[in-house]
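Before I ask anything, let me first share the structure, which is written out below as structure tokens.
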Amino acid sequence: MNMELSRRTLLKGAGVGLAGTALGAFGFGGIEAAYADAIRAFKLVGTTETRNTCPYCSVACGVIMYSKGDLTKGEKAEITHIEGDVDHPTNRGTLCPKGAALLDFVKSETRLTKPRIRKPGADKFEDISWNDALDRIARLMKDDRDANFEAQNQDGVTVNRWKTTGFLAASASTNETAFLTYKVVRSTGILAFDNQARV
Amino acid sequence: MYPPLPNPSVQPSAMQYGQEDLVRRSASTVPTPPRQLTPVAKLIDVSKCIGCKACQVACLEWNDMREEVGVNTGVYENPHDLTPASFTLMRFTEWENGETGNLEWLIRKDGCMHCGDPGCLKACPAPGAIVQYSNGIVDFVKENCIGCGYCVKGCPFNIPRISKVDHKAYKCTLCSDRVAVGQGPACAKACPTQAIVFGPKEDMIQHANARIEDLKSRGFQNAGLYDPPGVGGTHVMYVLHHADKPEIYADLPKDPKISPVVELWKGLTKYAGLTAIASFVGIGFLHHIVSGANRVSAEDERNAKRLTENQPGGG
Amino acid sequence: MTNSWTDIKNTDLVIIMGGNAAEAHPCGFKWVTEAKANRGAKLIVVDPRFTRSASVADFYAPIRQGTDIAFILGLINYCIQNDKVHWDYVKAFTNATYLVKDGFSFKDGLFSGYDESKREYDKSSWDYQIGEDGFVMVDDTLSNPRCVWNLLKEHVSVYTPEMVERICGTPKDKYLKVAEMVAETSSPTKTMTSMYALGWTQHSKGSQNIRSMAMLQLILGNIGMRGGGMNALRGHSNIQGLTDIGLMSNLIPGYLTIPTQKEVDFATYMSTRGFKPLRPDQMSYWQNYKKFFVSFQKSMWGDEAQPWNDFAYDWLPKLDVPAYDVLRAFELMHQGKMNGYVCQGFNPLLSFPNRKKCTDALSKLKFLVTMDPLDTETARFWENHGEYNDVDPSQIQTEVIQLPSTCFAEDDGSLVNSGRWLQWHWAGGTPPGEAQRDTWIMAQIWKRLKALYEKEDGPLPDPILKVRWPYADPDDPKADEIAREINGYAIEAVYDPTDPTKVLVEKGKQLASFGQLRDDGTTSCGCWIYTGCFTEDGNNMARRDNSDPDEAGFYSKWAFSWPANRRILYNRASADMNGQPWDPSRKVIAWNGTKWEGYDVPDIAPTAKPDVVGPFIMNPEGTARLFTRTMMKDGPFPAHYEPFESPIANPVAPNVKGNPAARVFEGDMAQFGEAEKFPYAATSYRLTEHFHFWTKHVQPNAVMQPEFFVEISEQLAEEKGIKQGGWVKVMSNRGEVKAKAVVTKRIKPLQCDGKTVHIVGVPLHWGFTGVAKKGLGPNTLTPFVGDANIETPEYKAFLVDIAPLTEPVS
Amino acid sequence: MERPYDVGPDDKVHPGDPVTVDRYTPAARINHWITAASLVLLALSGLALFHPSLFFLTGLFGGGETTRAIHPWIGVVLFFGFLGLFLRFWRANLWRGEDGTWMRRLSDVLRGHEENVPEVGKYNAGQKLYFWTMSVLIIIMIGSGVVLWDQYFAEYTSVGQKRAAVLIHAVGAVVSICVWIVHVYAAIWVRGTIRAMVKGSVTGGWAWRHHRKWLRELVTGKRDDQGSGAKPAE
């Protein structure tokens, strides 16, 4: 498919195009139409701004997300554009090729929208409700913890550890996510706990 | 750092320029503008460019363009050329500097130069399909474009591309919509190292001169500004470490001009052609008036009859 | 980073080595171009490849990957030989004058105390001589042969420019040029900044790579200075934060450590954490360890953590090995000793070395849970994707649950950038479909575990049941609630130690600084180094005042920087013994006779006398360590060791293979390849168009760099008959990948120890999900071995062979 | 029996008063008018894109875009249309001895004194010249036209080549139009000619006056070479 038009058409109804052409055809009548469209209307007008930082590297550039709809007003918000934040001391509005394409990360075709489960030996995922997924996870974790929890080592020292399940934290989740995760994971006695820092 | 423009406002604001500021309009004439806008320019400092392609992405995003996912052909250029969706493209050249023995990775952001004397506009047959504002921006007006591709032939930098989808010509608009609300082009805003800066052309030239001084102090004796007079100067300029040989930057033309062929076609031929046609018609009339119609006489008919009768069974 | 991104503009010389800032951190690199444009600063790039950073450098020198220590110790040698040393700084602020035990030695590439069978050192001889007064013995004249300085001088003497050229392949003339430029910054009024990243960490001696430069920076007097420092360019947006908060097997938030099983009780645990000063009058700030620890336990278990139960010390798991890092975790999986694994983000299938081993390991799990905004390869490791993931699903019994999480645009919270700035961000978009925030997911998992343990019993349920859970909606804790918890608050009123009648913090109020923490259980604090981020003044991480007095580059009112909103670590060292800036034009703080003041928060007690208290307050010495005692597993000094897969033998210690103290699992030793079979030195790296394995899901980035490729020199291409843009096969002892060939002048063969070494570059951004072309990556090829100290896999130096592919490729 | 040299296969004399002579078959006439029509449309659409003052002509074609789009297709029709004519008429248009003399006495022709020029066959030198000029021009126009047909052929040529092509196409067009004007004018000036392309036949007198050799051959059914040379008609 030729993608170049796909988004462009969203921009301008074909109607305008035709009118422009018909008028433009006779040279002069077209001027108004021509001028009207020569400079595109500024597309950020009327959007809602939200401050954020780029989720990729550790420069943490300031970005502004422009959305239709305002979350703070309890509305549904669809992000329509993302651009660098000039007020940010580090990036002063600039962005790298990754940051400049953040909109397409947020709207990526491969964003996940539903919990899914792959049964042993299956060759595909099937949908599962959040409730069933979370219950299943808790069940699996408890069964493994109950079976393998080590309260004391061979020398009778209290060690209270669980070594047969591991937890791998990420690299871009917030400090708040990190701390809540720490509490939940450590409280279970998991030792195989790591993040992307060393990779 | 070069002071960045403030964040764009989401409040409606009046456009800072428009139809009344046109200085040129393809295949038609415009009234002299009531005012002269400050000429603007985009300055691309090749010596600061890290070839990250943020400009390419910012351009796609701002202009709501989609480019196709291509393939790797053994080089860093992607896509491999300008396209109707890609108004700008980083071109990479690995150049061994004979004098220093050093390798130099020359990376040039290609795209419309917004010529003072735009060849595309000169070549365009469709009234109002290409316009030039007094601030120097040369813009394509999609609605008036007929897709003939004459602009491609007119352009000394081989920039415009015709869409296979809607058969319209496309190229960098210098983000005329952003400039109209006091912003700079999307590429300039994104550029991480400010290798691209945007502002009044005068300021850009000053900024360039400071950069050139710095480059000379680092041993680039031929550092200079690329603002070719052959096309009336450009509103997209380069700072080059080797301004004496622009051609090493992925064939940046040394002294670009509108092709003489195009000049001939759009000049002499246009007028001489119509004159010739008109005069042929004229001569026809004159001849007819002078020598009148060439009619068949009764005599001719009789001769024909006689001929046919003398020869029975003829024909 | 010891400094901040914006501070880089204050430098005179940038050395990018072990990193590629222009490509991996373009917007941070802006401050390098600023320093060049406004200060006439110079940029040196040392890299096996002529990178995008090199394309704007003033000087580029090639180096063979994995030889950085030789290169830098050579620079130290050059500085010592040519008296390019910031003497006042070195004598006052480092342990150069300290005397080392007689037992310590270094011979044939090994330090004293090596046990080959264990691949470990007995480090007892790696320590100072302690005098009767209980303090380290010093020799201010630097004449004692056992003083650190003389030992160092001796240790680096082997790394002459000639030896460096032999090891690194850096031509002598280019090397001397670098040495000259670097040595210049030994002047008190010149600074150099070191910008490095995974080019230094992803080696079997990564930690020592960084130590080497830190030592050089100390000798040049560039630590604590504006425009100086050791600047680690963290790879991800919150790797700094996740590490600060201790999401690692052996850590507790704020760089406290999980007890080992040898530390049978709290008393034993604390006994090794006394941090008694090693020199008179030093702060040795870790003396406050107990305050940080107890306050953490309180935030973890609230009222359950009491003096009578050692603040629930026993509820913390105890380590039986130094760490359960990811390599160990996957080794255990591979041995079938791990049943469950949860990936909160991350993509191990593409991120961990020896992909085949990773696939086998995951296939032995009973269950795998992934939480991610994107459809990762790891979540689909069981799915057949032909040559890109050649597995048989029917043979894989792992149950996989894939949970959709929100992305940055859809949640509130703070991230810590490389300069230690905690910056708050706000949600601006509605999550797609049923995607949920990670906080909600974790709360839901905990809630269900809790319910199960309330219903059925099981071993030690209390730590789970009694976790402190002070959230308005227990099912969905909010970011600001957790942020307040991390900052910490006064459980009981906190009194001034010097005046017990004076209340510093009222009961229930947020703490203003970690100075207010107590070890008696009256304060609660999730992560002591973050205290101050969310005080009674509000959320300081959300501050947006971008003023910068005198354009000094501090931006102290923007967000919050740990610790204590300090922007330059060790900033006390920017001033001389009288407390006056070494370089007045680059003042950070200065002593006004009674206290320290300036642009930044002093990294020392505000009233600590300049001629008495040393600047490196976290060290019991009060000084920085050129000799690190027993802190590192592989030696108190760095030494050059070849990568485990190397094209040549170690020229300075021919009998030592790799880093002698690096951990190697049994099966993996056999998997190392030899130069005879795999002659080319490969390295892996990022490209600026992509971010790891995320942006192959992002259409415009897929356009910018659509397809997996490898980079080789024109010479190697010629030799192998490889064409520009043609297909090639790259093989290591662990696997092979198919890629397009980018033949370039930017990679040139090196001459190392009389041998021509060809370099093969393998970028890492492709997989089998997303919109970019499918492809494999370096982890199919790389060896399963990590850094001796922190187990970062050796991704930057391994051996491969390469051949053109002629058969048609789909 | 072997057809006389420059007599068309279907040319026929019908004795009577006046004598009529079949000059063009219906097929030939349709072929001619298709070609003629496309040439006119090409001229109009081409001129519209040639000079801004004529851009309004695009209105005739439904606007600039459609003009740009159909012009090349009309060109294709013209090309094949003319090819048809070429195959029909090329033999009759081969250059012959008397054609030189005819050309030399062109001024007589223009003054209407055809008695001073040699008798000619089905076509006089002027017509032949037009025929061959057009043949060459159409090759040039279709050639340069294809180079400019970006919609399908943009990839195959360089910008430099396109620039050359656009100039050649423009000059070629002007010449074609001028030549075509002569053709049309001649048809109008020489009364009784248009009928040939409308009805298909001419009067004997017309044939006697303008293409006497053709008539003789039709009548005698054999080649006539007296007509050649400078022998005046009786």
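Every chain is named by a letter (A, B, C and D) in the order it is written, and numbering of its residues begins at 1.
As a working rule, contacts are C-beta pairs under 8 Å (C-beta built on N, C-alpha and C of every residue); 3 or more make two chains touch, one makes a residue touch a chain.
What you see is a predicted model; the values in this text were computed from it and never measured.
Asks: Looking at B-C and B-D, which pair shares more C-beta contacts?
Replies: B-D
Asks: Farthest chain from chain D, comparing Cα centres?
Replies: Ranked by distance of C-alpha centres from chain D, the top chain is C.
Asks: Please find which chain has its CA centre nearest to the centre of all protein CA atoms in view.
Replies: A
Asks: Just the number, please: Cα centre separation of chain B and chain C in whole Å.
Replies: Distance between chain centres, rounded to whole Å: 50 Å.
Asks: So what's the Cα centroid distance for chain A and chain B, whole Å?
Replies: Computed value for the inter-centroid distance: 39 Å.
Asks: Which integer distance in Å separates the CA centroid of chain A from that of chain D?
Replies: 70
Asks: If a residue has to touch 2 or more other chains to count, which residues of chain B qualify?
Replies: Counting only residues that touch two or more other chains, chain B contributes 1, 27-28, 52-54, 56-57, 60-61, 66-68, 126-127, 144, 146, 164, 192-194.
Asks: Counting only residues that touch at least 2 other chains, which ones in chain A make the list?
Replies: Residues 21, 24, 27, 48, 82, 87, 91-92, 94-97, 99-101, 104.
Asks: Could you say which residues in chain D touch two or more other chains, in rising order?
Replies: Each of 52, 55, 58, 63-65 in chain D touches at least two other chains.
Asks: In the complex, go through chain B and note every residue touching chain C.
Replies: So the residues of chain B in touch with chain C come to 1, 47-54, 56-57, 60-61, 66-76, 78-79, 94, 96, 102-105, 107, 192-195, 211, 214, 217-218.
Asks: In the complex formed with chain B, which residues of chain A make contact?
Replies: Against chain B, chain A makes touches at 2-8, 10-12, 16-17, 19-21, 23-24, 27-28, 30-31, 33-35, 37-49, 64, 66, 81-87, 91-97, 99-101, 103-104.
Asks: If we count contacts the way the header does, which residues on chain C are in touch with chain B in the complex?
Replies: Answer in residue numbers: 22-23, 26-27, 29-30, 33-34, 36-38, 40, 50, 52-56, 58, 60, 688-689, 699-709, 723-726, 740-746, 771-773.
Asks: Help me check something: in the complex, which residues belonging to chain D touch chain B?
Replies: 12-15, 17-19, 48-52, 55, 58, 63-65, 67-69, 110-112, 148, 150-151, 154, 159-160, 162-164, 166-167, 170-171, 173-174, 177-178, 181-182, 185, 188-192, 203-209, 215-216, 218-221
Asks: For a test of understanding, state which residues of chain B touch chain D in their complex under the given definition.
Replies: 27-28, 125-127, 144, 146-150, 152-153, 155, 158, 162, 164, 167, 259, 261-262, 264-265, 269-270, 272-274, 276-277, 280-281, 284, 287-288, 291-305, 307-309, 311, 314-315
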